[in-house]
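Two complexes follow with chain A in common, the first pairing it with chain B and the second with chain C.
Right, the complex of A and B next:
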């Protein structure tokens, strides 16, 4: 039952990601991206990362997707019948669709091969973690663990993230301000 | 562990997401879609963090850095969209290949 749910989520995630990548309609692509992120949050739950899953839904689905919709609506006058003039233009990376597909397929095959060769299920530190009962069993209170670790072991990255967020807040407000008032 | 699901299957999903993101970054002609491709790649990395993090509940490094990754991605998107809107005001397009000068 759990496995079935996991594989359904996995299939939806991968298929919707592929649709996002090839879809011509920008608004539809963003809404399908929403589905990808939602199913990905479900997959995080299967890895016992409840808190990360909720954070994903709040930050990505609640924030980033809405921001992207704003970006598309403010920067595209013909939202529904947008221009398709694919000819006679240089691309950012001067690769056509076939070349890009071949490149990503090569990366995909290489990574899959690497994962099979690495034999991750038999890594030493994973076996040690299993034998010393350090793995999640599903009965832990992961938000509590994360809270304690944030204030002890990972305090420096936490503070760095807060300074970074302040810098981003100032930078984004500065970039988006109205120029030449009056 | 992991509800009986092999660890490799999480990594396969993350590989597929990464390659979708790479394809989007290489082919899309709209800066917002390139940004979505980058987000897909970041999510693939976060999925790897989370799936390996399930084996370490004492220090919990995987989940912690997954959260830091989400924070960095969200902040990056905010700045990138501000830049995209500025570029649109200036060039009247957000096709990355049409933007060929940095003078304001």
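Right, the complex of A and C next:
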């Protein structure tokens, strides 16, 4: 049951991500991207990272996707039409795309090789964790653990991130301010 | 599974009743009669409406993006419906008792925004696009005061689990509860133990949340997204038949969901209204699974009634007033509540 759910989520994630890349209708691509991010959140739940999953929905679905859509809606429709109008001479493969094709093939083979080399089932630290019974069961109060950890062990990175975000906020306000005429 | 189905059934039936109630309430407030012809006092009116909607032709405008147009109302409704999963209905009755219930509901509500944008873009209609843009701008802004007001309540309960938050507001609590931080009422319970009476500043937080929730469910006086006078009907202008019914269902479902969240966080959730008075153990007699369902539903329906009352009493805000009110009034108030909550937790509790 759980396995089926995982595979359904995984297949939807991969297919929708492919559609986002291939699709020439920009608005529709963003809506499908929403499906990708949502299913990715589901996969996080399977990795016991439910806090990350909900944060993913909150930040990416509620924030980034909406921001992208606003960007599309506020830009001129005619500007985006070149994507739809552009006709390729050959539908499948043309010679000037060889470089891109080679690059993506290399990355793909590299990733596959990495997964096979990792030998996930026999990792030492995984086995140690299982034998010493120090693993996550999914019933812990993860927000509390995360909160305590951010306020103790990871306080410096947390503060650094907040200062960085403040700088970004000020920068954004500066860029969007009313400009003096003349 | 059973809980999920019964919630779905309840939401549908509640919407039927709420649409009828809305018409009658508006009629009483504006000194009219409301629906009178279909059935006694017009109580068959919404049933007749549903029959009409089901058999209506499903029109897709030729200029619309067909797939987005068809799927958008479903996304809007499903996102609202998913929110009900984390609401505790009775002491031991909850869809999923997650440790992040509150956070989950906040996140799920934000999915609705994508549905609105999908409606606006998919319809390929000026009014729909304006309505959707307004609705999204409004929801995204009002999420901030709503979220901070929620956090100030959560800070006192020290848990994001909706069920634990409810438990801490009644006689079943394991911690000591104090009325206004002074009077120990752990064994008295009743309305005295609700969050808004445990810490008085949560009354303000509750008001902030309730106002922001009105805006999040696009209800008057925050209904600029469907302003009839300028945008005709706003984002759902192109919809007919069953899909229009889905958008409607989502709006009323959203009203119920935000009311339920308010009830759980501030008004004691499934806890009883009646306190123990000496040997009159009213709180103990009226706590249990059946009573829990009764209390949470009656409290949330009361809040829904207040939403209707506000809708038919107040005029609509202008867009700039709406944003100014959110950023200049509600957000500072919510932050003040957050600050007081922190001090309250450290010094009083």
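Just so it is clear, the second predicted complex is superposed on the first by the 154 of 182 C-alpha atoms of A that agree within 3 Å, B and C clash if a C-alpha of one lies under 4 Å from a C-alpha of the other, contacts with A are read in each partner's own complex, and residues count from 1 in each chain.
Just so it is clear, a contact is a pair of C-beta atoms (placed from the backbone, for glycine too) under 8 Å apart; a residue touches a chain by one contact, two chains touch by 3 or more.
None of the values given here were measured: they were computed from a predicted structure.
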Superposition on chain A - do chain B and chain C clash or fit: fit
First (chain B), second (chain C), both or neither touched by A:164: first
Superposition-derived comparison: chain B or chain C, residues of chain A touched: B
Which superposed partner A:28 touches (first chain B, second chain C, both, neither): second
Contacts of A:73 with chain B and chain C, given as first, second, both or neither: second
Touching partner for A:51 - first (chain B), second (chain C), both, neither: both
Which of chain B and chain C A:6 touches, first, second, both or neither: first
Which of chain B and chain C A:142 touches, first, second, both or neither: both
Contacts of A:172 with chain B and chain C, given as first, second, both or neither: first
Smallest separation in angstrom, by C-alpha atoms, between chain B and chain C in the superposition: 14
Those residues of chain A which chain B touches in one complex and chain C touches in the other: 51, 55, 63, 70, 140, 142
Touch list for chain C against partner chain A, complex: 65, 67-68, 98-100, 103-104, 106-108, 110-111, 113-114, 117-118, 120-121, 129, 133, 136, 140, 143, 159-160
Footprint of chain C on chain A - complex, ascending: 25, 27-28, 31, 34, 38, 50-51, 54-55, 57-58, 61-63, 65-66, 69-70, 73, 140-144
Chain B partner contacts - residues on chain A that touch it in the complex: 2-3, 6, 10, 13-14, 17-18, 20-21, 26, 29-30, 33, 36-37, 40, 43-44, 46-49, 51-52, 55-56, 59-60, 63-64, 67-68, 70-72, 74-76, 86, 89-93, 95-97, 99-101, 103-105, 107-108, 111-112, 115-116, 120-121, 125-126, 129-130, 134-138, 140, 142, 145-146, 149-150, 153-154, 157, 161, 164-165, 168, 171-172, 175-176
Residue ranges of chain B touching chain A (in the complex, touch as defined): 1-13, 15-24, 26-30, 32-37, 39-40, 43, 46-47, 50-51, 53-68, 70-79, 81-86, 88, 94-98
